[in-house]
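Worksheet: the structure to be examined is printed underneath.
Labels for the chains are A, B, C, D and E, by order of writing; each one numbers its residues from 1.
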Amino acid sequence: MVDKMLMMILIPLITAFLTTIILKQHKVVWTLFLAVSGYLSYTLFTMYGAWDLTWSIELGYKIFDSNLVLSLANNPLGWFFAFFASVTTMLIAMFSIAFNDDKHDSKTAPIWLILIFANIGIFFAQDWLMFFGMWEMMSMSSYFMIAHGKEIPAKAAKFYLSLSLVGTSTLLLGIISVARLSQTFDINASIDSLINLFATDYNKAILYIGLFAVTFFIKSAVFPFYMWPSKAYAESPDDFTPFLSTVMSKYGIYGIVLFILPILQNADIPALGQINEPAYILAVLGAITSVLGTILAIFETDMKKLFAYSSVANIGYIVMGLSTLSIIGIQGALFHSINHMVIKSAIFLSLAAVIYRTGEREMHKLGGLAYRMPLTFMVYLLGIISAAGIPPLNGFASKWLIIQALMSQNMLFVVIAMIFASTGAFMYLFRVLASVFLGQLPDKYKHIKEAPLLMAIPMTIIMLLMLAIGVLPGIIMKPVNAVLIGMGYDVQEASWTTVHSAFSNSDLNVTNIFYIFMAGAAIALVFYLFSAKSVKVTQDDNYTAGELPSDWGTTPERFNFSYGFYQPFKEMFNPMMDLISFDRWMAAFGKIVERISNGLSVLYTKSEGAILMLYIGVAILIIGGWII
Amino acid sequence: MMTVFNIILYSLFAILVGLIFLGIGRKVAARVHLRYGPPFYQSIIDVIKLMSRESITHNFVMDLGMVMALTGLIGTMLYIPIAGHIAFESNTNIIVIMYLMAIGHLGMAMAVSASGNPYANIGVSRALTMMLGYEVPFFTVMLGLIIYNQSSSVMVINLAQAGSIWNWNIWQMPIGFIAAEMALQAMMGEKPFDAMIAPAEIASGPMVELSGRYLGLGFLTKAVGVFVETALIVNFFFGGGTSVITFVIKQLEVFLIAVIFDNIFPRYKIEQAVKFLWIFPMGLAVIQLILLAI
Amino acid sequence: MKNDKTLLMNILAIVFLALLAYFIYAVATSSDVGINLMDDNVVENRVADRYLNKNVLDENSQYEWGGKAEDSAANIVTAVLADYRLFDTSLEVIVLFVTVMGFGLVLPDERRKIKESTQLLFNWLPILMTFMLLVGGYMFINGHLSPGGGFPAGAIISTAILVGILAGKQTVSHHTLKIVEAVAGISIFSLATLGFILKGSFFINFLEGGNIGDVFSAGLIPILYTLVAFKVSAELSGVYLEFYKGGEEHDHA
Amino acid sequence: MTMLNIFLLSSTSLIFIGLYGVLTRKNIVKILLSLNIIETGINLLLVAFGYVENGEVPILTSSESLKNIVNMVDPVPQALVLTSIVIGLGTTAFALGLTIRYYKTHGTLSIDASDEEEVMLNE
Amino acid sequence: MNSSLFLIIIPLMGAFIALFAKKANRLMAIVITLFMEIFSIIIYLSGKLPVSVEIGGWQPPYGINFVLTPLSVGFIILINLAAIISLFIIRGEKSYQFYSTYLVLLAASNGIVLTGDIFNFYIFSELTAFGITALIAYPKDRKSTGAAIKYLILASTAAAFLLIGIGIVYKTLGTLNIADIASKISLLDPLTLELIIILMLTGIFVELELFPFNMWVPKAYLGGTASVNVMLHGMLGTAGAYTITRILLTMFTVDGSGLLVNVNIANSVIVIALLTILVSEIAAFNEKKIKKVLAFSSMGQMGLIIFGFMIGNEQAIVGAFYLVVANFVAKTILFVLTGEFIAMSGSGNWEDMKGIGRKHPVAGLAFVIGSLSLMGVPFFAGFWGKLGLIQGAINGSAFMVVGIVIVLITAIIEGIYFLKIAHTLFLEKDSDREYLSKARVHSIVIAAILALAIIAIGVKPGLIESNINSATDEILNSTSNYIDIVFPRR
């Protein structure tokens, strides 16, 4: 009997190499990919509760006077993320089989499998070195995944790569600093030693936490690293973007929950309000992230970029939830993480289906697709209702928990930011709906069909999932509470229908809201049904007074009001945009490095100065060794 | 069974009150304009008329959207306590109310967007922008209330104001009330914050393509919306009400303030409106919040 | 513009050299404890003392003029060069060898013809060459007794060949030079290896040396010097010949 | 001023002149000449290091000279100098060969010319 | 163990024989190098190490001696491995001069590692300089000639410094034997010692490719062919890394601490190492010619290794040795493949190498693996080096911590340009570009085997841990260890 844990990481890896050989058989390859993710989901499902499952390997490298052992262990938190990630992956994989046909095959299955391997490793890593190794593996493979052998994506991926590398560097530094404190790479031991460090050297402890936090922030695109998703998500393969947005944005969240939260909760840190200073910084960063993400999403014209920023905003919510350090906040954050996975996979998959059929990413060039792809439209519609946090779908309960937690901790301005972001979400969510699915259908898309069956199935499943979680939040809340109990928090078992808050009379029965909604719907339907029948006419028939646009030598899509959808609003923010565009700063920095690089290159081409440089070297030695 | 009966009763009540409010609003507006104006039940007649006429639709999304709009607002209404009574046993959470209202906006926007008319889209775009403008100050005021009462339940806030008239929150937090009033003006789409409708520029914006039953449903939505919004203010600042009659009178009062302002102000451009909302009501709300927090 | 750059270079050079000079001055006049650069040589402390006394193997051994010693070369510089540090010396040969190889690699392919020179030089050539070869031969045979040795001898012999070329006569062919070079080189290292086979150590002077001051003394040194002389002369001559069209094909490129 | 100091000073001067020349000259042949001056300086320096005041040549000529062993100059630097001369010779020969090739490919003896090959490659 | 001198003698004799082995010279070179590799492995495994070999029957310090320790023989194995690989990837060189020079170079780079005498070391380093110059100049075109002459001038100037240093050592200490010098170094006047160290370091830093002594590096790599690049990096670079352990860490260290006698100089060397890393990685960032990129990266890695040695505590030295091995293997892969890619695309520009990874997936993967190892990604060999380095630096002074931060920042730049290039290989090919030739199978096989080695070491660093630990133990107490080996009686 081979170790379950080992199998879990080996099977994706082996399949990765297998698929490399038969890369051209794309149907087989992607079916294998589905099989692997299915296997992972099943194994993870059976692993629930088996928290003593471990696997370790001795590398024969001596460090801290003992042999280095890398180990994986099944732990509640890791299981929680890993399980839902692999379920999401499975759904995406099903979609991918249909998506990667002759024309669209990005030939990235092997790299994606390595990414999944790293994914499992990150979530189950027991020691920092395993964690770091898998983290780097994830960074590198996702770079290749995003770039996927195309030139323009490669440019975007470079941006992502540079940030990832910054992250891994700080992570490595942090890991070694902390490991030196505890003389072991064990994660739990390092948490304890950092808590102790807070008692003696506050600044150093904050510095160490900061090193970790930078990495986690980068990977989850928390401010000030919010700008890479818009580039990376947009250019990555369309069926990979859901994975990027749903699973990969959670690594940082996982890191924060795993490592930073226990420290902030248990360490002896001077309080600021009801929480402490570092947590407040976390909250403010989360707030800025969500506000900025929202604003930038509103102005975006590329739909994948738009939802990239939307993801950033959602990460902001999660971070805010975590920063409350209260159980409700953490519950909300974990719940929202999963909801975000489901919602964003629905949205990005429906967009991928649109791109699959039309090949267009710019919203204003599309329109009216709801009439050609009604199922995709429904998936998207439910997705955005969820994403906007509207009951009775799933996004609501988690947002509600986070808001409640923030309010109960008196983090007033953070709540306002949250409200701003979630109201702003309507704006961008609706924009895509109006531009892509509603409005005039351009002539060239007159004959496109609904997404193929293999795409429709996962989309439908996700749609039902959103509804199910929306009505019965216990589906997620029960695991969430089980995880929290497993992590040692003092929580009750969750109920199927109700979520709890710290305020009086504030326990929310989500199922009831569903009933109320259905009651409202029933009444509205009564009004609708009892009114007079309507006639269906073509769109041109009404407002163009029956004269077809072609009569005037124009095309229907000219009537789409979508390019500058929020132009007046955007103009309000114009003076501010330059200030917040960090990517411009980064680009400028890159330019400077390039210029220095060119200068140094010239230095090396010169023959004349070679001896001079040698003398300068001698002078450095003399000055450094003798005079100083 | 009782619940079903309650739901129908409350819904019909809200629609009726809302429509009558709209009628009264038109009457008052006419009087401000020195006209005679239609009878106060004119809106009811309008709705019946519209519902019975044949209408045109472009696609299923319009139907879906309009039903969704009404659904959302009726759902919201069912969640709000009216003079302490409530249709459906729940905790009357403010945040739930805010989000439920959004369904209505979303459905409406979707329906009119589906028509493909550029004016409708412009209207929707403005409406959504305006929404970002007023939700934030409005919520900030509510946040003050929540913190003050340590509960996000409308019922609890309501009960806390029981007893003397001096217990009303309008005296406890007058600055917040002013802010909420301003936000309410925008929420109801009244001048100076009616850029999304702007009949002169974009031909009533969202409504441009609606006819017959769709416009009727729109009217109903608007009516329930007025009811919900005024009910919120009454619950928050005017102590709710001991009976349904006093509750409705307070609602009317709030509504009439809005109508009168509507008739004496010109219209802001959309970005001006948002700026105004983010400066004045927001500023007041924040001041209120700080005062409460201290 | 160009002058500015030159001026700058000059200034930089002077600054650097001044720094270096100042540093060396500071080192030379330093009066810290320990051995200073400018201290007088104390022969007892250095390896040279044992070379001069020829008692590397046995600390207490003495030697006489005309007697035997661990190294019977009368020229102690030669003893150091060709016996105590023979390995260095054989590597020098390789340095020359690699120079010639590199020279052959990089030199342009077109070559001059050997032209006849003046009659005077041509006629005197045999005499000149004989004289030079004699001097060269004397030097490498007597290298262990008097100043000189394989390298200068090789240089002199190659000069003889150069004179021949200048006079318009190629006395040795390229091919011969190559053979001489290779045979001499292989012989040197074969002798080294022979030492390993006979005495268990490479580069060992395995021949029983004669008496100090004799011509046939110092064991292998005269033999090695002979080989070195041939090799050096072949290599240096090779350098000259590289410029000229020889009878031999050039098999690169 | 002793003889040793004179030797040291002159050899150091030679080295410095060479170092100066290597840096400031542009003509490759001149650079090589400077290198040769450095070599010479070093050789002189090494010999000077082994110098003993009023020392004798380390060559045994008769039984008389055996008594003077203590007074002999150090033979090791001389041996080193011999090696170093050969190495210097090798450097010079090889570098001159390269210079001929350089002149062939660049058409000039200026060391600056080799900067241009990058430009040429890019074209 | 006296037979270990065959490591020098056999290639030298081969060099002479090559003058006549017309067509067979390549085969002969391969046979000789293979013999050397096997022979050195036999020595390594014989169990008789460490040992000092007297040459010519004179005991040190009077005669010249070779010092064979696990460390030096380990380096010899690496050097010969690089030699074999460079021979395999030669493209059509036939002239006897090439092989002769190569064999001399091989002997000389082995000699650098083995020798226990400082003047002998000087000769060997001059020999390598001549040999590699000749090989760089071998293509005889404009850029190789320019590169060769630049290198020759720099190397000769540096050698002059080294020779002066040796002269001063002899003048003051009266000995040329490294072990003897090491045992007497504390007798010296501190300032004189400083002068000696500076002169010697100048001499070796040129070959070590350290900024600002390394102006020759990019040109030399650009001018040479792929096989010469492998020699330059795998033989000379590896030998250079060894030089550091001997000259710096044996002769001039405080016994048992691994730190330089002179703290100021040590700090200057660290500054120089960090400057090298910084300058080279930044210079490589926007470089278009792949060979120059690799050259800059070589410099950077060398700086990293020296930084590791200079930190001086156990973890850092372990890390530095892992880096030596990882850098050796990874860079060899890259040079081998680069040679093929340039031949295929007909351009030295990495931007023109689109689609090669798709055509030759194994080669592309090997390139990626090599790059990842150089970047220090976990589960690739380079990571263990980086880990040890960081750990050592954090245990060291604040200065070291600053240094390691610089290292990590440059690692970011390195990662960007390496992965950029690696990804270019997998881009879709421009339709108007045709490949000039196909990649040769044996090159790809070599690269693939080395890539597997990288992964093997990366996943199981224990494979070479005992070797590296013994080397580290040797370095940590280098002075006394070394003296004990050479003078067992004392």
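Here is the rule we use: a residue touches a chain if its C-beta (ideal position, glycine included) is under 8 Å from a C-beta of that chain, and two chains touch if they have at least 3 such contacts.
All figures in this text were calculated on a predicted structure; none of them were measured in a lab.
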Shortest contact path, chain B to chain C, counted in steps: 2
Chain labels contacting chain A and also chain E: C, D
Pair joined by the larger number of C-beta contacts - C-E, A-D: C-E
Most distant chain from chain C by Cα centroid: B
Centroid-based (C-alpha) most distant chain relative to chain D: B
Length of the line joining the C-alpha centres of chain A and chain C, rounded to whole Å: 73
Distance between chain centroids, defined by C-alpha means - chain A, chain B (Å): 35
Inter-centroid spacing, chain D versus chain B (mean Cα positions, whole Å): 97
Between chain D and chain C, distance of the C-alpha-averaged centres to the nearest whole Å: 15
Multi-chain contact residues (two or more partners), chain E: 119, 123, 126, 130, 133-134, 137, 140, 145-146, 148-150, 153, 157, 168, 170-171, 176, 191, 194, 219
Per-residue multi-chain contacts in chain D, two or more chains: 19, 22-23, 49-50, 76, 83, 87, 90-91, 94, 98, 101, 111, 114
Junction residues of chain C, two or more chains touched: 9, 12-13, 16, 20, 23-24, 26, 41, 46-48, 51, 85, 88, 92, 95, 98-99, 102, 106
Touch relationships between chains, expressed as pairs: A-B, A-C, A-D, A-E, C-D, C-E, D-E
Chain C-touching residues of chain A, taken from the complex the two chains share: 608, 612, 615-616, 618-619, 622-623, 626
Complex contact set, residues of chain E against chain A: 146, 149-150, 153-154, 157-158, 161, 191, 194, 197-198, 201-202, 205-206, 210-213, 215-219, 262, 264-265, 267-269, 271-272, 279, 282-287, 292, 315, 358, 361, 372, 377-379, 383-384, 386-387, 390-391, 394-395, 404-405, 408-409, 411-413, 415-416, 419-420, 423-424, 426-428, 459-463, 465, 469
Residue numbers on chain D that touch chain E, as the complex places them: 15, 18-19, 22, 28, 31-32, 35, 38-39, 42, 45-46, 49-50, 76-77, 80, 83-84, 87, 90-91, 94-95, 98-99, 101-102, 105-106, 111, 113-114, 117, 120-121
Residue numbers on chain A that touch chain D, as the complex places them: 605-608, 611-612, 615
Residues of chain E defined as touching chain D within the complex: 119, 123, 126, 130, 133-134, 137, 140-143, 145-150, 152-153, 156-157, 159-160, 163-164, 166-168, 170-171, 176, 219, 289, 348
